[in-house]
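Chain lettering (A, B, C and D) follows the sequence in which the chains are written, and residue indices restart at 1 in each chain.
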Amino acid sequence: MGVPFSIRGLDKKFGGLAAVQNVDLDLQEGVTTALVGPNGAGKTTLFNLATGHIIPDGGEVLLDGKSVLGQSPHLIARMGVARSFQDLRLFGRMSVRDNVRAAIEPTAWLWQPGGGSAARKREAAVDAALDRCGLTKQADARAVDLAYAERKFLSVARILATGARIWLLDEPASGLDPHSRARFVQLVRDAVAEGVTICLIEHNLDIVTELADRIAFLDRGAKLAEGAPQEILRDPKLIGIYFGEQRT
Amino acid sequence: MIAYLLNLATLATIFGILAASLNVLIGYAGIFSIAHAVFFGLGAYAGAQLALQFIPDVLLACLAGGAISAALSLCLALPALRVRGEYFVAASLGLQMMAVTVFSEAHALTGGHGGLVGIPPATLFGADVSGPAPFLVFALAVLGLLLLAVRLLMRGSFGRALMAIRDSESAAEAFGKDVRALKTLAVALGCAMAGVAGALFAFYMAFVNVESFTLEQSILVMAMVIIGGTATLAGPLIGVLLLLLLPAGLSFLPFIPPTQIGAVQQLIYGLAMTLLMIFRPAGIAGGRR
Amino acid sequence: MLFLQLLVSGIQTGAIYALTAAGFALIFGATRVFHVAHGAAFALAGYSFLALSQAGFPWFVGAGAALVVAVAFGLFMDFLVYRPIQRHEGSFFTVFVAAFGMSIVVQSLIELGFGRGFVVVASPLTRAHEVLPGLYLADIFWVAVGVALLLFGAVTLFLERTRIGIGLRALSENPELLRAFGLSSRRLSMVAFGLGSALAVPGAVLTAMTSGLQPAIAAQVMLVSLAAAVVGGIGSLRGAALAGLLLGVVENLVVSVLDTQWSAAAGFVVLFAFILFKPSGLFGQAVAR
Amino acid sequence: MLHRRSLLAATALGLASPLAAPRLARAQAGSHVIGTLFPMAGPNAEYGGIFTSGIQLAIEHITADKWLQKPIELRAQDSQGTPQGGAVGMTKLANVDRAPYVLLGFTGVSKAAAPIGTRNKVVMINGGGVGPDLAELSPYFWNVIPLVNQEVQAMLPWLQAQKLLKIALVYVDDPLGTGVLAELKNGLPGIGGQLVGSFSIPPATQQFAAIAARVRDSKPDAVYFASYGAQQSQIVKQLRDNGISQPLLTYSGGSIPSVQALPEAEGLVLSGQAADWTRDDAVTKRFVTDWRAKHNSEPTAYHQNYYNGMRLFGLLAQGLEKAGKPVDGENLREEWLRVKRFAFVGGEGVFEERGTMSMPMQINQVRGGRSQKIA
């Protein structure tokens, strides 16, 4: 099993406040890792550092063993890393179909490489992604006009259609009703079955136990523990931190 | 009356190009520039100088105007890449105010406040096209061509990528869009079109000076785009027609003295801007937001 | 001595800019509304003062009326323009365009009411005396500086010592916190608009006496306030006031080295430079990209 | 404090004027359409009123004397006193109103309008602008006012006599202002004087404290300013407010009531054409008498010039009508070249090759709110 994506000793300070300090993390191929920790633990910042949206103060980000540190986000994305955002960041005034199209087009000029056959392939990928996310009927609606759950699925459909091999999902299932949640779990499982490497941030521990093969526990920017779910979730100290922080 | 209508149609066509070009920035790329008159002006000066110094070929002038404006559009792209929102609006304001001073100071290139006078009648491949009708036909052809280009570009992946950046810059980056390159290109495209409009304007007026390229011109064009509706092909054109026909329409009302038409016109378009933003922020041609 | 003279007249200009910009910054800091109609409040105040002075009322009646008009206009904008827009959509550009539309409306109303020329309230305070060899000062200098210091001190005290003032400062940082304080953000935004608009009044009255008013002054004040707010660091009252002073001084001092025409653009060169190289301004927090 | 450029006003109007046409476009067949291109609103509107009143008196006289078979119809376009306003207005007068004869003023306006008028063969008469470029501007552009080189030439001997040799110049950065600058620069050394400072200002600026400081710093014997309209009042007031006590000088643009009535303008020295209302030729007498009767005030040089400009059309068109030729720009020019000398208010008007007309000049000073001849 390879390690397509790994983080070594990552550091980031915001105005003297350590948001992420000395974090190591390996994402193993086909394995789903969950980032767990109280609010403000630095989970989203870690994603932003990994995808190049924020430049770290120190440390290393490796994709297939090669450093991508300092690369701009769009270049890292083109290497097969796709991510979602906590606040979704859909392309609000575009149609659902165009949201997915925009996400998968490799260049942004008049003509795409590959000509007609590549275009047909892309359209097929868009259709398939919309279908799997249950958005076929809404394909021509504008993203802002969708219902909450539909918007969440659209953010997944964008990633799904890209065919990226590494997915970074930021709270993808929060606020979903049980029916949608089941659909989401199935989507992720299908992806894993196809060999996708996933890292997700999730507060709902039920989903974490359902999906995650490993858990990395973060608090105040530092990784406190990493291991199998039952190991971590049974550690009373970690659970104390987790719920203790949640209640304030 | 025919002369008057031709006059109006030509002006509307030129402003149509200008509004469509600003729409590329505001509507599709989400770059809220209020310095658009600067690039209109650059094109006008370039076109006028070409006609005065070398050859009054209107097609060459359009190309020169577009090229100069596109080249100098970096002045706008630079802040657009660095800051967003209110900051960018402020930056474009700064650019606009500086440009007006440069336009009025660079006597050798712009003629200062006195302007560039005596721009020769327009020709096209040696044929005279300066008459009202042929010039209108030429301007319309340019407008049609540019609108077609905008439509092709915006319906394609370039447009989708731009709109993606407009709606969420970070998400667009996360899906492999080169935000810097795309924004720079979009700014260059919009400004080049404004430059083309400027070159046409220079021939139409046979005279250019800094008064046509001030902040209020930028605001007027912005109002045309906003009132008509952003990110649609027809919206800016509707805005242009409304705002250009407004003074003509007002002059039919006998109770407004002619010297007050300007103020009344401003009153109406100011009010229209505010009311539209309150009740229909996507503009007249735009859908519900 | 030329330098000193220019510095002094820069301080006089800057004192007025500082107060006006502080009002703009106060409103933006507390409500996140980019209140570009702030200049309209200034213009309305100035013309109210002018109208009453011309009608023969003593200065304090005119100034009082100016205060009432400016505050009423600020509250009007808050209630009838910004709130309805924010209720259904928060895009900053929508707010910006609506506010801009209103300042155009105000300008054209002034044009219709007072004509397009400039008008001035004659006052013995504006006549300069030689205080040092070669240094001329008018009494109005002391009035401008004194009023600016006094008001700025008062506003600072208000923001630091009173419950509402602390609430205003907290509003921008943490609206959640306010509920714990038992203050409604609605009332606070009313206070911000009222107080912010009131800060435009002294500048308006002084300008009416020194260089006079004209309808387009609304747009000019808006530009200066905006530039000062950005240079000072958006939302920082202290920064805006300092930057306002700085812009006034730069505008005057630049005359000693460059052509006098650059005076008007100098402030915007500063603005543009700040946005490119230090977008957070003098006192602002870093701008998130 | 906050005056910069006149902001929103200009463009909106610039667009308004070519489009406010339909009402005017319904041309009456069977009348002579005469265009005027003056500032009618804004800070320079005062000139528009003055210029037009001179024209109106001339039309009254032409009509009363039945010189022409067809009536004269006046079409006014607002030039705003700006080059753009001039270009837009001229386009309309030439293309839409089809006026063969247009009276205009202001140097910048004239320069912008002239190529458009020439292209359409419209005769243009300037009785107000004095920029030196207005000479030889076009075969169709004639001045019935002495230009600024004449004004400066008239001022120089007076300066020499008064020993005011170091001059500072505050000038609007447009064709008029740059013309004055060039004249002073060339003319002052000839009387042993020198231009110790020249400060250009944008046309709509109203903040002169900083400029006053620099003017004072250049230690002039006198300060010349070249501007027009309401800005002049502002310059005078703020220069005086900011401690400049030297004599102020200007050209004929300062001879408008709003400037002369200013308390700060007391002592202002201006050059201008000699206005001798005591002449006893019939044309001058009638003009002066009727003016006093109609307006209950003294006429000024501007009134005289535009009266002459309108009268010139009457004379030319009368000749053309008699010869049975159509009254268009080309024929008017031919007739003008043929006649050359005209009976005008103030004596016989003789045009020079360059489309200019020389006139005797005088120096006036504002005393007690009124202009009085001092040299």
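Some observations on this one:
Here is the rule we go by: a residue touches a chain if its C-beta (ideal position, glycine included) is under 8 Å from a C-beta of that chain, and two chains touch if they have at least 3 such contacts.
Just so it is clear, the model here is predicted, and its values are computed rather than measured.
Note on connectivity: the fewest chain-to-chain touch steps from chain A to chain C number 2.
Leaving out chain B only, the groups of chains that stay linked by touch are A | C, D. Distance from each chain's C-alpha mean to the overall C-alpha mean is smallest for B.
Of the two chain pairs examined here, A-B and B-C, the one linked by more C-beta pairs in contact is B-C. Taking each chain's centre as the mean of its CA atoms, A is the chain most distant from chain D. In terms of their C-alpha centroids, the spacing between chain C and chain D amounts to 39 Å. Averaged Cα coordinates give chain B a centre that lies 31 Å from the centre of chain C.
Averaging C-alpha coordinates per chain places the centre of chain B 35 Å away from that of chain D. Contacts with at least two other chains are made by residues 5, 7-9, 41, 45, 173, 202 of chain D. In chain B, 100, 104-105, 215-216, 219, 260, 262, 266, 289 are the positions where the chain touches two or more neighbouring chains simultaneously. Multi-chain contact residues of chain A (touching two or more other chains) are absent. Pairs of chains in mutual contact: A-B, B-C, B-D, C-D. By the touch rule above, chain D contacts chain C in their complex via residues 1-9, 41-43, 45, 173, 199-202, 205-211, 213-214, 216-217, 230, 234, 237-238, 240-243.
Note for the complex: chain C touches chain D at residues 1-2, 5-6, 9-10, 12-13, 16-17, 42, 104, 107, 111, 115-118, 120, 126-130, 134, 136, 138, 203, 206-207, 210-212, 214-217, 219-221, 223-224, 248, 251-252, 255-256, 259-261, 263-264. Of all the residues in chain C, the ones that touch chain B in their complex are 34, 81, 84-85, 88-89, 91-105, 107-109, 111-112, 116, 219, 223, 226-227, 230, 234, 259, 261-262, 264-265, 267-269, 271-272, 275-276, 279, 287. Against chain A, in their complex, chain B makes its touches with residues 152-153, 156-158, 160-164, 166-168, 170-180, 182, 231, 289. Remark: chain A residues 51, 53, 72-75, 77-78, 82-83, 85, 89-94, 98-99, 101-110, 112, 143-144, 158, 162 touch chain B in the complex.
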